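Shown below is the structure under consideration.
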Amino acid sequence: MANQNGQGLELVGLRKILGGRVIIDDLNLVVNKGEMVSLLGPSGCGKTTTLRMIAGFLIPESGKVFLAGKDVTEIGPEKRPSAMVFQNYALWPHMTVFKNVAYPLKVRKMSKSEIEKRVHDVLELVNLMHHKDSRPAQISGGEQQRVALARALVQEPDILLLDEPLSNLDAKLRVKVREDIRELQRRLGITTVIVTHDQDEALSISDRIAVMNDGRIEQFSTPQELYDAPQTEYVANFIGSLNRVTGSYENGAISAGSDVIGIRPEDVFFSKNQVPGSVAATVTLVVPRGHFYEVYLKRNDAELRAFVSSEVPKAGDAGFANITKALIYRDGKLVRTA
Amino acid sequence: MALPPILVLGIFIGLPIGLAFFLSIGYTGGLNEVISIIGQDVRGRDGKLFTLQAYKDVIADPRFAGDLKTTLIVSFVATILVLIFSIGVGLLQRLRGGKLSSILTGLSLTPLFIPVVISSWALYTFYGSAGLYRTIFNSFGLDIPQITSTMLAVIIGSIWTSLPFAILMVTSGFQSVPNALIEAAQDAGASLITIIRTVMLPLALIPIIIVATFTSIGVLGSFTIPYFLGPNQPTMFGVEITNFFTAYNRPQQSVVMAFIVFAAASGIAISYIWANFRSAKESGRV
Amino acid sequence: MANDVQPLNLHTKSMGVKAILVAFSIFMMLLIVGPLIWLALHAFVVEWLYPSYKPTGWTLEWFRKVFEVPTLVSAIRYSLIISPIVVIVSAVICLPAAYASARYNYWGRRTFLIMMFASNAFPKIGLFATIATLYYFLNLMGTMVGVIIVQVLGTIIFMTWIPAAAFAAVPKSLEEAARDAGASKFRVFRTITLRMAMPGILVAMVMSFIYSFDEAQGTYLVGAPQIYTMPTAMYAIVETYPIQVTAVFSILLTIPSVLLIGLARKHIIGGQLAEGFQIK
């Protein structure tokens, strides 16, 4: 099997059956060296299973896993050049922070002074030196998360795997930690695969995102592409917010038809004045969403939502609404944008 | 609400033990009067309230050294072997699973439901002169001696009766180690042996200590197993206490021996309480 | 998420390791069930002479023989009467205490459970020897009440520890939710707490029954010669009757326990018993 990508990760035709059910079928993915890739999807889509096959906890029924150009499909997790951060961190409760981080080096039979130095460095990196003698139970969730990260990084792995690393943190901390992770990943230039069900998380830290659905990758591209041109109806629905209308789209107007038309609320504009392509509309509901408002509009051809941040109308206002961009799907596939 | 069991234990365990303690140091009045008159060689009848003479008698008795040695060796060896077997079965069940280990775990529990009298008797017939054990060796042309009436038989019997509880405890200890903690070690590059040594055993330490405690205390004071399977002399304290009480009619000496066993058991019990305390501390409950 | 459902990838492919595992398993099975099967077979044989693998013949005669011996029949009757009483008495004494201790603070609970444990660390045989003094004084020697008390002493540890852990495992919020829904305190206890702790209580009752059914030393010292239960009768018959009779008697003595396994097997293996022996 040709491996175009000598240094990163390549998955070729992976297939996995668990409990008699096909979880993953013919999955292909190439991650470049130094790239950060998210596996994004709802629970049960097979993203964790994929990650566990990369780590070696699961052996695929068929297909191959290449890490840094080497076929590792048959190699157990203890021999793979990958390091994983587990969802619940999986810190050993009977060891101190220092011992947790030192463990991977200890089992590699490194010298004491070398271990001391590397653990020290990595704890410095994640800013945890002051907790090195604490037990996992004595530190906060965010700190535990950093210990888990340090334990993975200290191995200097070819690839870093993160399984829902932020799901156990509260909302505020989550944003900060994900930025820290991204910053660290860039600085170290380490190839990273992160599993998440949170699109915000995926969009904000990934170089590329693989949106997964039912054991397959629906689309694999940059966050911007994913948002601007979702190749399938599923992706369009999953990423961002979407007005979904059935009909036929022509010049900003919707008529009877069988296509699925996806319109982002930020591409819908309401104004008192008529502009080319706009259609008469009334405001039915205005919902404050923090730094913007969600405006429900009733046009004679469709009901649409728009995101508005200035000149907010009131419910009952009459005016005109126009659509600047629409995604048109046929049989779930993108056929054109207009 | 906690009162009834405390009351029952107080009257029927605390009081007798208290009385026994006073008897052992020479108090022969009150409720102890009858037994002091019936029994032979009771020290302290001369009116001295506090005397250690009965303890000195027991320790000076030529049987004592042999009994002590037998009791300690049997308890120690049986406990170690029970730990090895139960950890083996527990690890097999946790790390490998499968039909074989389920059957094994299931079978290991059977002695739990067999009265000790019967297990002792079954072991006696199995390892005795006409038992299957000798029959098997005989068919290979080996005429080996029976192992009943030896220390070895007592050890086998003690293992047999202690194993189900041990396997239950250790298995449940290993089962409660989350997969992720094992996989994290695997991911870090640890071999199976290293995982067992550095993750599985430390995380199941508390149940393992509980098993060690209960097994050693149980064997230390056991009667039925050594009575059926053990040698006549020297024997385990459990049997000797009974002999002194019923056969030799020397209640004070029998009580003294009970306190010696109790002292040993208490030492072990303290390690158990410490283990529980440590686990509570680790999980932040204290 | 799916982590704990998926199997560990620790399987070795080495035949040597596999062979050792299989050998270990077979050795353990033989060690455990060998003697039981050997004894049980004797109940059905005419005679079994060393060193033959086969008995001289098969028979059911011994079962009839057992029921012809009046002392054995009376022992069976005593056992079947005493053990249920012991279970009920110890449940009545201990369950409220177990519940109370589950709702104590940490130290109170520990002190209570450790007291129970300490009472168990004194060698039973030493205790039974010393208890005679008290029994003579209270006139309990050779009475049914005396035997029941001696057996209850041993069941207390099962009946407090295991249910205490089971009660403690019922989340307080579930009780509070039921109170909030308008249920009375007693109703909450009956329909929520007791219900959820039932498996633990069941295991405790099974263990107590088996202990009582099995108890020989105390029963012998306190009950003989007026009261013989099945295990104390066993001591006597191994010396006077042929091995086949003892084998039949052993089978009879094991039946109740085996029936109870079926009842509680799931919970015992499910960890209720192990849970009960950790002071949390």
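Chains: A, B and C, in written order; residue numbering restarts at 1 for each.
Heads up, the rule we're going with is that a contact is a pair of C-beta atoms (placed from the backbone, for glycine too) under 8 Å apart; a residue touches a chain by one contact, two chains touch by 3 or more.
The UniProt protein names, listed by chain, are A, B, C = Unannotated protein.
A quick note: this is a predicted structure, and the numbers were derived from the prediction, not measured.
Can you pull out the chain pair that has more C-beta pairs in contact than any other?
Ranked by C-beta contact count, first place goes to B-C.
Taking mean CA positions as centres, which chain lies farthest from chain C?
A
Please tell me the distance, in whole Å, between the geometric centres of chain B and chain C computed from their C-alpha atoms.
Spacing between the chain centres: roughly 16 Å.
Can you compute the centre-to-centre distance for chain A and chain B, using the mean CA position of each chain? Integer Å is fine.
57
What parts of chain A, by residue number, touch at least two of the other chains?
56-57, 76-77, 86-87
Give me the residues of chain C that touch two or more other chains.
Those would be 3, 6, 8-9.
Tell me, which residues of chain B touch at least two other chains?
Residues 178, 180, 183, 186.
Within the complex, which stretch of chain C touches chain B?
Where chain C meets chain B, its residues are 3-4, 6-12, 21-22, 24-25, 28-29, 31-36, 38-39, 42, 48-53, 92-94, 96-97, 99-101, 106, 110, 112, 114-127, 129-134, 136-137, 149-150, 152-153, 156, 159-160, 210, 213-214, 216-217, 221, 230-231, 234-235, 238, 243, 246, 250, 253-254, 257-258, 260-261, 268-269, 271, 273-275, 277-280.
Can you list the residues on chain B that touch chain A in the complex?
Going by the criterion above, the answer is residues 178, 180-181, 183-191, 194, 198-199, 202-203, 205, 282-284.
Spell out the part of chain B that touches chain C in their complex, as residue ranges.
Those residues of chain B that touch chain C are 1-6, 8-9, 11-17, 19-20, 23, 31-32, 34-35, 85, 88-89, 92, 95-97, 100-101, 103-119, 121-123, 125-127, 129-132, 134-135, 138-139, 156, 159-160, 163, 165, 168-169, 171-173, 175, 178-180, 182-183, 186, 192, 195, 206-207, 210, 214, 217, 220-221, 223-224, 237-238, 241-242, 245-246, 251, 254-255, 257-259, 261-262, 265-266, 268-269, 272-273, 276, 279-280, 285-286.
Over in the complex, which chain A residues touch chain B? Could you list them?
Counting only chain A, the residues touching chain B are 55-57, 76-80, 82-84, 86-88, 90-94, 103-104, 107-108, 135, 137-138, 151, 155.
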